[in-house]
Amino acid sequence: MIRVGILGATGYTARELVRILLRHPEVEIRVLTSRQEGRPPISAVHPQFAGRLELELTPTEPHHVAGQTDCIFSCLPHAASADVIAQLADSDVRIIDFSADYRLDDAATYQEWYGKRHPDPERLGQVAYGLPELFREQIRESKLVANPGCYPTAAILALAPLLKSEWIECHTIVVDAKSGLSGAGRTPKLTTHFVEANESVSPYSVGRHRHMPEMEQILGRIIGHRPSILFTPHLIPMDRGILATVYVRPTVNKSEDEWLDLLQTFYEGEPFVRVVEHLPATKDTLSSNFCDLTVRLVKERLVVFSAIDNLGKGASGAAVQNLNVMFGFPETLAL
Amino acid sequence: MIRVGILGATGYTARELVRILLRHPEVEIRVLTSRQEGRPPISAVHPQFAGRLELELTPTEPHHVAGQTDCIFSCLPHAASADVIAQLADSDVRIIDFSADYRLDDAATYQEWYGKRHPDPERLGQVAYGLPELFREQIRESKLVANPGCYPTAAILALAPLLKSEWIECHTIVVDAKSGLSGAGRTPKLTTHFVEANESVSPYSVGRHRHMPEMEQILGRIIGHRPSILFTPHLIPMDRGILATVYVRPTVNKSEDEWLDLLQTFYEGEPFVRVVEHLPATKDTLSSNFCDLTVRLVKERLVVFSAIDNLGKGASGAAVQNLNVMFGFPETLAL
Amino acid sequence: MIRVGILGATGYTARELVRILLRHPEVEIRVLTSRQEGRPPISAVHPQFAGRLELELTPTEPHHVAGQTDCIFSCLPHAASADVIAQLADSDVRIIDFSADYRLDDAATYQEWYGKRHPDPERLGQVAYGLPELFREQIRESKLVANPGCYPTAAILALAPLLKSEWIECHTIVVDAKSGLSGAGRTPKLTTHFVEANESVSPYSVGRHRHMPEMEQILGRIIGHRPSILFTPHLIPMDRGILATVYVRPTVNKSEDEWLDLLQTFYEGEPFVRVVEHLPATKDTLSSNFCDLTVRLVKERLVVFSAIDNLGKGASGAAVQNLNVMFGFPETLAL
Amino acid sequence: MIRVGILGATGYTARELVRILLRHPEVEIRVLTSRQEGRPPISAVHPQFAGRLELELTPTEPHHVAGQTDCIFSCLPHAASADVIAQLADSDVRIIDFSADYRLDDAATYQEWYGKRHPDPERLGQVAYGLPELFREQIRESKLVANPGCYPTAAILALAPLLKSEWIECHTIVVDAKSGLSGAGRTPKLTTHFVEANESVSPYSVGRHRHMPEMEQILGRIIGHRPSILFTPHLIPMDRGILATVYVRPTVNKSEDEWLDLLQTFYEGEPFVRVVEHLPATKDTLSSNFCDLTVRLVKERLVVFSAIDNLGKGASGAAVQNLNVMFGFPETLAL
């Protein structure tokens, strides 16, 4: 039984994490922190936990959390997260960081895209990226794991086999992604106000979304040089789910079945990647840790579809998968 | 051609009002005010008006608005609205007030329910309540009209014929209402955050909603004494629409057809009240100024269903209907 | 490990049942039947099960299913279900029936409300009603359990403590219920067509819904005589969830806290009924087996709010809870 | 005042058409046909028209409709529509055809994509395509106008200025489109069943959608040779709206402002195309005849966003715009 703590436990990723961990037979949730005033029970913030989890949200200092736990999930905002994690460097606690702070390769790119000097630049580029399908061995040994962004998860799982095969061009990739609103967080804003978002679809942050360099750098680690990706996210009026529609240009003449085979072979034995023949719907992956992939070959171009639950494989499901890998539990436990 | 101004033009009721007025052949929108910083064009706040209305939102003082217009719609919050309207008492401009400030009969009730001393108590109880179906002659002559609340509109139109007939008990009325989210306004809050409100139904302000005394007082004006209403509002994951399910106890033995006849006779010739035989859906009234009513007699109790669009007949549609009555235009113009 | 079969496994209640049973450590799904043409894998009908359950949907005869299993869930339509269950009378298999066939007390009421002669009238009135909170001992011993209707579950859990206390009138009860669309089944119809149901709320089957006599008869079993309930269901544009708003008239003078105490005492120790102080939202119970209850006292009338997931506590969650009771597993296993 | 008839008046495009025409001061709706049994009033099929339009849906023969009207809108399914229109060739009535029957250039392409021999092949390629922004003069003179498909409208309005400028490649165009459910029609199917479509996004008909050759052929008419378009439609859980995200490769080095200028100049004076600087949301065009366009230049590729209401500019709004052009009314009348 390992003891865990969650830093910043009021948001949607933390909520989904708690929901999954309550099913985990080897985990006990010990501490939930929040910078909010007062010490509300978690069920006052998330009524779904009434009668299920009696913990209070406390302003406990991170090093005190570290002292009581074996694993910390940081759901703090970027920059705030690295601040805290840097302080825990000499503790024994293992950390899974939901923020973007340790995903990128270098401090310059971080500063360019996040508009801040990185608080802990030395470790950048050395932290395991928490996609076990691609970095399982590194995750297993890591004290700190950077939990992937939701869009990068969908895009990287679609693109990794193709780029590794060298059957596609690296510089003409388009990722057109559609996401439910929970990806935008729990802080009320006009863009996520019900009447604004409902019954509408809209693009946002075109060419400026921070997940674009994340996709490029992580895929670069796999193939040894950075591909160029044009990434266009869209908001969809639903709670959960991401569909990434990925357009690539083949450099070889292969049939649709051969492309499907390529994916199937690449992900053989992976418990959470399902290479399917039908066109996936995000709802097929709802509340799960699955990523559903398929391909279509149209007019000599290849379209790859990748569906996940942004709070599942795109965040909290992946975090628990990483915990399972790190602590030697069966990888599908609780998932 | 009459010139109109809208005070507080950023919210949903003002937006819907502009949308309707742009179709009105006898109205010219002259001024839109907002206390926001800057002087953004209306299309920067509501992109649907791009290319349709080139006005800026300005912080124009109300008496200057009055000087340029024949009719002012006040979409200001309660208390703020009466503050302004009190200052315009000696102007010639006619005013349709969307706030609750002039709907109630007396300052004591206002203070009890709105938690503030009324800024202009002398006029309370003398202002026309903007439901032409019940107060048309008074509206026609009025300089100031109190535009009704959305829930009261649905409930009062259902209950007025029944209470007037004296065929029902006055003190056992239940109004169970279901409303779309636009009724909660445009200011982002956790309760109206997409992921909180979507895929959920929940009651709120049970026994404490300010529209409860409004229903009782207005119906009291019609029958000469106040009925007692138990009002329970619920939030429904949709943009627009209110369904009021009204439970009453008959004091006479009548058939369902006789109840339907009662409503049909009461609303004969009314252009915006449709007494129908089928069970109405809110969507039948979407973007319209209609109120659809029907009844069902079950186990000797009567259930009345009343469906409106909360931004149509429940707010901005009603306001234009009132303008038409006040200025002698055909009542259905632009509606 | 018990072996289970599901008859009629294509609908939403069966799908949710499979989803829950896949997490159940003491259950193995052996057979899924369907009268559809062909023998599609379950994942072709419900892609969420791709890679998780490899069974085919087969037209297996019920007595063959009985021969291979310890427990059968019948998700067949009413009448069809009793036809099959009557044939399995001399088998050892235990049965949980999702249909309405064994919920009512007598064949005459069945015929009146379901428009058919009951295929197995002798057993009516003797079958355990699958609400463990009220009938746990009877369920434990039963070979056949009638899984409750979704609306009755929400209403009965709200009303049972009040009626047992004799603190309320029995003949003035109103149940105004709001339900997501999954309650209407998986067969495409105009009323459940997306564009018809979305962005709309509408009542249906007012005074004619089959769950009305079910509520009355089951509550009658508890208090020894039948209460009278006016039941009004409404369709809400969401997938899952029921909120029942229950209006009752107290016969005693009690405070809101005393009413809350009454519920809390009644459900003390029940793992799935949460008596809460806040107003519940259906989303708090999403994908769970919980029923959230609270009360408000307004103008000497009592309003009880009861929230469930219609596919959880309202159907498949309850069925697994019944299985746990019947087979001596911890009641919360897999839930 | 012109008299109009609508053939096949039960679907969503006909419903929206009636809604718009009821506001049209120069149009009188004379006949609504339907092959349904009985002669239901239109308000029995579409309750929103209760009290607004008292016509019955009748099985009137098309040539009788032609005898009573000046303009017929055919909302019949493809093939059925051309069958009827071919019979009306020697009548004086002018026809706006919502079906795809007269949109394509040749019978072979029609047969390839629609799986049927064309019933009236001689006229193919000579019929005006009902996008006044591109074919106004031809529409003005036409007896028969092919009302455009919803996806082609969004894509063609985005692409026409770019292709005409010869500033982009013609064979690397990608159109990734997102559509609300009303585009899928009013016939209940599993894919448009609320619980299947809600809270999900999914691609469909990838590389096989019939609107793909329509886009290519119509754009081909403008530039003199056919471009190649990879078209990927997706279903979005909302009633109305299409967003087309169009990816093109520039052949010239231009700034984002220059691209925007290109569009603005092209559509100068067009009342229904709004070239905006912000990223458009489909909701900005809801219930309107607008098409909102903007561009973003990212990594030397150009992304064009095109938002319409699929029932507005994508169908019925466009049809009324065409009627206005054909009969010499102001083009924005009723729109």
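First chain written, first letter: the chains are A, B, C and D, and each begins at residue 1.
Just so it is clear, contacts are C-beta pairs under 8 Å (C-beta built on N, C-alpha and C of every residue); 3 or more make two chains touch, one makes a residue touch a chain.
For clarity, every value in this text was computed on a predicted model and none was experimentally measured.
S.K.: Touching chain C and chain D alike: which chains?
M.R.: Correct list: A, B.
S.K.: Of all chains present, which has the mean Cα position farthest from that of chain D?
M.R.: Ranked by distance of C-alpha centres from chain D, the top chain is C.
S.K.: Sort out for me whether A-C or A-D is joined by the greater number of C-beta contact pairs.
M.R.: When A-C is set beside A-D, the one with more contacts is A-D.
S.K.: Roughly how far is chain A from chain C, going centre to centre by Cα mean, in whole Å?
M.R.: Centre separation, chain A to chain C: 36 Å.
S.K.: Distance from the CA centroid of chain A to that of chain D, rounded to the nearest Å?
M.R.: It comes to 39 Å between the two C-alpha centres.
S.K.: Do you know which chain A residues sit against two or more other chains?
M.R.: In chain A, the residues touching two or more other chains are 198-199, 237-239, 280-281, 283, 286.
S.K.: Taking the touch rule as given, give the residues of chain D at its contact with chain B in the complex, in rising order.
M.R.: Residue positions touching the partner: 23, 47-48, 50-51, 199, 271, 274, 276, 278, 280-281, 283-288, 290, 292.
S.K.: Residues of chain C touching chain B in their complex?
M.R.: Residue list for chain C touching chain B: 174, 176, 178, 180, 196, 198-204, 206-207, 228, 230, 232, 234, 236-241, 243, 245, 247, 279-283, 286, 296-299, 301, 303, 305, 307.
S.K.: Provide the residue numbers of chain A that touch chain B in the complex, in ascending order.
M.R.: Residues 12, 181-182, 186, 188-190, 192-195, 197-199, 237-239 of chain A touch chain B in their complex.
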